[in-house]
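Two complexes come next, and they have one chain in common, chain A, joined by chain B in the first and chain C in the second.
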Partner chain A sequence: MSEARSEQRGLRVRGLRVSTSAGVPVVDGVDLSVPGGTVLGLVGESGSGKTTVGTALLGGTRRGLEIVGGSVLLEGTDLVTLSETELRGWRGSRVTYVPQDPTTALDPAMRVGNQVREVLDCHDYGSGPHDRARRVSEAFEEVGLPTDDAFTRRYPHQLSGGQQQRVCIAVAFATWPALVVLDEPTTGLDVTTQALVLDTVRRLTRQHGCAALYISHDLAVVSAISDEVAVLYAGSVVEQAATDELVRRPRHPYTSRLVAAVPDLSGDRELKGIPGGAPSPSTRPSGCRFAPRCELVVPECTTELPELRLVADGHHARCIRSADVTPAHVRERRRIDEIDSAPLLSIHGLTARYGRTPVLHGLSLDVPRGTCVALLGESGSGKTTLARTIAGLHTDAEGELHFGGNRLPFGAHQRDRETRASIAYIFQNPYSSLNPRRTVGDSIGRPLRVLRGVRGAELERRVGDMLERVYLSAAYAQRYPDQLSGGERQRVAVARALISEPTLLVCDEITSALDVSVQANLVGLIEKFRQDLGLTLLFVTHDIALVRNVAQQVAVLQEGAIVEDASTEQLFHHPSHDYTKELLKTTPRLVS
Partner chain B sequence: MSVAEPGPIGNAIERVSGGQAPGLLRRSLAVGRTRAGLMITVLVVAVAVVGPFVAPASETGFVGAPYTPDAAGTVFGTDYLGRDVWSRFLYGGVSVLALSGLCTVIGVGVGLLVALLAGYSRTWVDELLMRTTDVLLAFPAIVLALLFLAVFEPQPATVVATVAAGHAPRVARVMRAAVLDVAGRDYVRAAESMGLRRWPIRLGDLLPNVTGPLMVETGLRLTYSVALVAGLGFLGLSGLEADQADWGLMINENRLGFTVQPWAVLLPVIAIGLLTVGTNLVADGIARAAAGTDREVGG
Partner chain C sequence: MSLGRLVGRRLLVGALILFIVSVLVFTASLFLPGDAARAVLGRTASPDRLAALRSQMHLDDPPLQRYLSWAGDLVTGDLGDSVVSQTPVVELIAQRSVNSLLLMALAALIATPVALLLGTWSALRRDQLADHLTSLATLVLASLPEFVVGIGLLFVFSTGLLRWFPAVVDQTQGVLVQPEVLVLPVATLVLAVSPYITRMMRATMLEVLDSDFVHQARLNGVPERQVLWRHALPNSIGPVAQVVALQLAWLAGGIVLVEFLFDYPGIGEGVVDAVTNRDIPTLQALVMLVAAFYVVVNLLADVVGVLTNPRLRTAGS
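Our next item is the complex of A and B:
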C-alpha cells in the first residue's frame, strides 16, 4: 500500500502568505518542499509564524488571520483553493496534525482505541468495520503501544504523557495520510520519552512514505529527526538545507547565531545569545528582517529584502553576505575550577510532602559558596519542591537546613529579615511572577522596601541601577509587565531577586518559558553576576545540555532522592547512575 | 506561535508589541452595550437627583381630586390622594437610588472583605467563613429581607442592612474564587518569600488583581439592589415617612386606580425598569470586556 502511493507523495508550498484581518503579514512568502518519506524540520522562535505556517498547511488559520496568497500543493491539489467542506474531507485523512499537548488533544471521556477508530469511521476508511478494527490495532502497533483490548479500552488519563502523545500520532497516521504536521509534539515530554516519540515519527514517515513537517523551537530536537531543516525568522524562511549541512555550515547569520545559542551537550561550543529580540509582525523592519540584530550588516541589507537563493548544493539562504557567515565558534574545553569552598547551604535528611504524599525522601545536599550547583530532574522528581523549601515557600517538611552555618527554619516568616534578604528566588514563569498591576520599578524595589527599609529617591536610584545592570534602561521602571517581552520580564525578575544583595540565588527552571536565544542571554547574565558578586547559585532545570554550560556541580534528582551528585566534568565523563547515563544517551545533540 | 508555554503565556507574548492593554474601564466603554447602559443609567439618575429642584408642585401638597389624569395645572394628573404625580415622581427617585447605592457599597464591601480573608488563609478561617455563607445563601434575598424587617423596625438603615446582608454572601462566593485564582500566582509567592504578612499581600497583590470581577459583581449587585429596594418600597417596608414620595411605594399606592390614572404607576415602573436595564447593560459590558482580554490577541 505505502510503496504504491509514495510515488506521488510530497508537499510543495509556494509563496504562502498569511495576514491579520488588518493586513499585517504574519507569514510572508514561505516556500517549502517536502518529498514523500522525509521529515522537514521547521525551526523558529516565538513570533516567527511557525505555528501559523503549520495550521495553514491544513488549510486553516487562527481567528483573526487569513491566507491571502500562495499555494499548498499536495497530491496535485492546491489546499488553499478548497472550500471548507472539501477541506474537512482532507483533514484527518490526507492531511493530519499532531498537536503540542496530548492532554488537551485527546477526548478525556473516550477510550483511546475509539479515538483512533473515530477518525477511520469519519473518513469511511477501508471496506468495513472489520477492516477498520484491524487498522486500529495496526495503528497502535505502529507507534509501539500494546494492541490488546485492555489497553485500547483505556481512557487518556490512564496513560502516561508519552503514551498519550503516541496515541495522537497513531490517530495522525491511521489513515495513511500524505502529509503529517507535527507542532512541537515533544515539548511537554521528558527526554527519554521524547527520544521514543521522535523515533516513532521518523520510522512511520519512512514506512508510510508521507511528508512530515516537524515544527519546533528546539534546533537540537529538530536536527535529531529531520532530513532537512527550514529556519523561519519573522515570517519568512531564511535558510533551508539538509540538517547536517545547516548545523555545520550555516549560511545565514541568524541560523549561525541560533546554533550558538543552543546549549551544547559536549560543552565544546560557547553558549551565546542573540542581542535584541525578534520583531513582532507589525514592527518588522524593511529590508532583511534580521539586519538590526546582525553582526554582518551592511547598508544594502536595510534597503531590500534579500531573495532566498541557492548558495550551495541543496542549500538556500536569504542573505546577501551568506559567504561570510561563520559556523558557531568552537572554544577551548571549559576548565572548571576545583570546588573547595565550604558549603553556604547544606541540606540534611530533608523530607517534604504535600498532605500525605511524600515528594522528597531524606535528601541531603551541600551547595558550596560561590558555585553554581545544578539540580537536574524531570517533571515530578521534586526539584521545584526542594527549591521552594529552600526559599521558605514550602513548610510541610522535616529535616535540617543550614545556611551560612546557622539553622534555617522552613517558613519565610520564621526567618529573620537578613536571611530573607540573603536567599532570593526566581520563578519559572516570568508571565506569572510579576504582578501585572505594579510597575516594573515598583516590583523590583519591593524587596528593598520590605527587607531593607529603603524608600524615596534612594530607592528610585537603586532600582534604576539594578535595571541597567540587567541591561534594561532605567526608563523601564515606569512600564508594566505586559509591555515587556518574555526575556525582558525574566530580566526584571532577576533584578528583583538581586536588588536585596542576596548570597544565594535559587533559579527554578528560569529559562524554560524562553526562546533559546533569550535563554543564552539570561544564562550569561546570571553567570556574570555569579562571578562579579560571588553569588551562590542553585540552578534547577530539566535540561542536561544547559547544565553542562552553567554549573560546576550537578545533583541529579529522581523520584525525590538525589541519585548522583558530582562535579560537572565528572558527571559528563563518568556518569555512575543508570538514569544519568540514560539522560546523556537520549538527549538530542546538534551535531551527531 | 508560542513555544513551550501553554495558552495564556503565548497570548501574553503576542500582546507585548501592542503596549499595555488599556484599562478595563476603557475597554468596557468600547463595548456598545456599556455605553448604551451608561446613558440610560445617567438619564434616570439625573431625573432622580435634579427632579426635586425642578418639581412644579410640592411632594405632599394636594393639587386636585384623586385619580384625575387631566387635573388642571398638572402634567400627569393626580394620585390616589390628589397629589401631583409628576412632582411625586421627580421627588421619589432619590430614596431608591440612595438606598440601593448604599446597599451595593456595603454588601459588596463586606463580601469582598470576607473573600479576601477566606480566599487567602488556607486554614479553618476559610472553612468557617465559607460554610457560613453557604447557610446564608440558602435563603432567597427577598425572604431574608422580609425576615429581618419583620423582626426589626422598618427604617432606611434596616433596609440597607438587610439588603446588603443578602448581597454579602453572594459577593463573597464569587470574589473568593477570583482571590483563590490570584493567590496561586507566582507574584504572590514572591511576596511571601520576602516575608510579607497576609494583609499587605491581600491589599497590595490580591485586591488590585481582582478588580475586573469586582466591577462586574458591583454592577450586578446594584441592579439587584434597585429591584429589592423598589420591591420593599412597594410593600411599604422601606421605612420612609408616611407621605414621602418613593417610586416603589408609588406603584403600590396607586395600583388600584391603574385603569383610571395609569401614569401614577407607569412613571415609576418605567424609571425602575430603565434603571435596572441600564445598570445591567453596564455590568454585562464590563463582564464582556473583562472576559475578552484573551480575545484581543491575534495579530
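Our next item is the complex of A and C:
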C-alpha cells in the first residue's frame, strides 16, 4: 500500500471540544492523527474524557453533552459537520465502534450471524444478498470464529465472552471501515482471551489498512497493541509518541507517574501511586491541569495552559518542564522476604458448593503469619468463593479450616466474637459495600461497637485515628459515601476492616474497580499495614502483574483447584504448571 | 427446558389448581344459606316434599361422597342440571360463554395492540408533552373502577349527552344481530385494562431503548425504525406479555360487573343470577369455567415469554 493512500485513509482530529449543555468543557481541544493501518492507543483514567472522545469520532455524544468545536476528518470529510441522516450512512460503514461489554452490546434476541448481516444490509454492502452472505462468513473467519450455520445461527448467550467480543469485532470490520474505535474491548475478558482479541484487532487493522483508536485505562494493554499512544488527562492530550518511546522516555510528569503506577510483571520497577485525584470537569484548575499533583511544578505552570509541542522526533508533550521529566524509577529487583513463620490459617480438603454444583474441589492451603498470600485466578475459578468461605460468608462447604491453631467453624455466626474481630474482609466494589445511609464514621465505628463494645468519645477518637492512618482526615467521619471518590471509599473500607485490629485481612479484588494510580496507592497502604502491624493478608486477584508487586506467596486457582502454590520468587522464575506459564506469557507487559 | 416440557408441566400444575378450586367451590357452596331443594320448591314447600327432594338430589349424602360424584361428572363433561330451570347447565351456560368470550376477545384484540403502541409511542417521546399526557391519562383511568368508567360511558353515549348506543341488551335476541350493544361494554373493558399494559410497555421500552445493544445498533448506522422493530420491540414483548396475561385473566372476573351494568347475557351476569337463585350447579360450573380461563391465559403468557426469549427457548438444546 502506498504511503499516500494510507495517509488518506487515516484519521485527523483537530481541536475537538465537547461540553455539557451547561457549557462545562469535558473534552478540551483534542488533536489526534492516526495513519491507516496503525493503532493509536488512547490512555486515560476515569473522568479523563476518553469515552467521550471515542463516541465523538462517530459524530455522537452521550445524553447531555454536545460537540461544540473542532473537526474529525476521515476520507476528506469532516464528520462533525454532517447531519444525523448523513452520519447514519457513515456509522457502521466507514467508522465503526467496538463496545466495552459484548454481553450487553449484542442483541440477545438476534442470531449472531444476523447481527453481522444487519450492518451489511443497512449499508447496501456489495452487489446483493449472495455477496453479503459471503461477507458474513468471511467476517467470522477473519476473527477466527467458525463459519458454519450451526455457529452463525447461535444466539449471543450461547457464546463465551471472548467469542461474543469477536462477534462485535466481526461486525466492526465487516464493512471494510476507514476507522475502528475500540472502547476498552477487553476489560471483561481473561488475559488469555484478551491476548487473542488483541491479536485479532492488530491483524485486521493491518489487513484492512484502516485506522484504529484503542481506548483503555490500562497502559500495559495499550502498549501491547498500539503503534502510538496518546495520554489523555482532564480532557486534553498531554503527551503523544510512539509506544516504546512514550513508555521508556516519558516527557510529561503525568505519563511518567502513570507508568510507575502500572504493576510491572518483571518486578523491576517500584509500584508507586499518584497523590491526589484527577479533577472533575467542573473543578479543573487553570493552567496545567496536572500542576496540583505534579512534583516538578513551578509558578508558571499554574498561570497558563501549556501548548502541546514537539519535544523530540514524533514526540509531543504538553509541559513546560518536559526536559526535566525522568523515566519511571527503576530499582533493584524487589527482595521477597523468606517465608519461615508458622501458618495462621490452614485449609485442609475444602470443598464448597452452590446447591449441587461444587465450586471448590478439596483444596488445601497454608497462609503463613505476617505474609501476603495471593490467590490468583480467572473469573469462575472459585477464588471469591474461597475467600468468602474463610470469612464465614459461605457455609455450604466441607473440610477443615484452622485459624491460629483452633478449628474454625464455617458460618460467621458460629464463630466467637474474638475470632470474628480477628478476620476482616474488604469487598471488591467500594460503591456497593458501604451503606449509603450511614456516615463514614458510623460505618467504620460499627465493628468496634459490635465486636469490642467501644462507645462514645473513645469510639469517636479511634475512628478519627483510623481515618488518619488511611490518609483521610478525621473530618471524613461526618461524610456520606456518595461524597467520596472510588479510591477514598476503598480507603474507608480498609479503615473499617482494620479498626477491630484483625490478624487476618481478606482482600477480594479490592482494586479492580479503581484506576491504576489509585490502585498503586491502596496497595502501598495495605503493604504498610502488613509491615507495621504484622498483619496476614489473603489477596484475591486476577492480575498476575499485581501479584508480583504485593505477595510473598502465590496460590494459582483454576476450576476450583489449586494448580500451583509457590513463593512469588519461585513462581515467576520457575513456573511449573502450564496454566501459570500461559498467564505469564499472555499478560501484556509495559515494554515489550 | 424445552417448550414441550414447559407446557406439559404447566398443564399439570393447571390441573392441580383446578382441583383445588373445585374443592373450594364445593366447600363454599356447602355453606351457602338455603339449599337447592328449597330453591326448587319455594318457601311454601312442606317439610315432607323437601325431604323427598333432598334425598332424590342426594343432598343428605356425606359431603365427600357428594363431592366425588360432582367432580366425577365434571371430569366427564356432565355439569348437571340447573335446579331453577331443570335444564342441563351446559345448555344454560353455552350461549352465555360464547357471548362473554366474544366480549373479552374483542376487548383483548383492541386493548392489547392499542396499549402496546401507545406505550411504545409514549416511550419514544420520553419527557415530552405527549408522554406526560399519556402518563396522566393512564394513571387516571387505572385508578377509576370499571363500573365508574361504564356509568360514565353510559351517561355520555347512551342516556345523557349523546344517544348513539343502547344502554342495555335486548335479551330476546342474540347479541350478534344487534352488534351496537357490544360497543359500550367493550369500550369499558378496553379502558379498564389498557392503562396497565400501556404503563408497563412504556417502562419496559424505556429500559430497552437505553440498553447497550440499542446504542450499539445506532452506532452501527441502523435506521431508527429498524432499531425499534428489530431490536427494541422483540426484547420488550416478553416482559409485557406477563402483564397482558394478568389483565386478560382479570377480564374474566371484571366482566361480572360490566355485564351486570349493561344487562349483557354473559357468564358474569349468569354468576349473579345463579347466586340470586341459589342455582348451585350452575354457579359451580361457571366458577370452574373462569378458573380454567385463568389457567389457560397464564399458560399462553408463559409460552409467549419463552418464545420471545432465546435464552429460555434454546435452554436444554
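Some notes on this structure:
To be clear about the criterion, the second predicted complex is superposed on the first by the 585 of 592 C-alpha atoms of A that agree within 3 Å, B and C clash if a C-alpha of one lies under 4 Å from a C-alpha of the other, contacts with A are read in each partner's own complex, and residues count from 1 in each chain.
Criterion: a contact is a pair of C-beta atoms (placed from the backbone, for glycine too) under 8 Å apart; a residue touches a chain by one contact, two chains touch by 3 or more.
Small disclaimer: the values here were computed from a predicted structure and weren't measured.
In the superposition on chain A, A:W90 contacts chain C only, with no contact to chain B. When the shared chain is aligned, no partner comes close enough to touch A:P575: not chain B, not chain C.
By the touch criterion stated above, A:D101 is placed in contact with chain B and with chain C alike.
In the superposed model, A:T187 lies in contact with chain B only, and not with chain C. One of chain B and chain C touches more residues of chain A, and that partner is B. Contacts of A:P306 after superposition: neither chain B nor chain C is touched.
In the superposition on chain A, A:L58 makes contact with chain C only, while chain B stays out of contact range. Once the two complexes are overlaid on the shared chain, A:H123 sits against chain C while remaining clear of chain B.
Taken together, the two structures place residues 101 of chain A in contact with chain B in one case and with chain C in the other. Taken in their complex, chain B has these residues touching chain A: 1-6, 8-10, 12-17, 19-21, 185-187, 189-197, 205, 208-209, 297-299.
Of all residues in chain C, those touching chain A in their complex are 211-213, 215-223, 226, 230-231, 234-235, 308-311, 314. Note for the complex: chain A touches chain B at residues 20-22, 24, 26, 45-52, 62-65, 101, 184, 187, 216-217, 280-283, 388, 391-393, 412-413, 415, 417, 420, 423, 425, 427-429, 431-438, 443, 446-447, 450-451, 479-480, 482-486, 496, 512-513, 515. The residues of chain A lying in touch with chain C in their complex are 55, 58, 60, 87-93, 96-97, 99, 101, 104-110, 118-119, 122-123, 155, 157-158, 168, 171.
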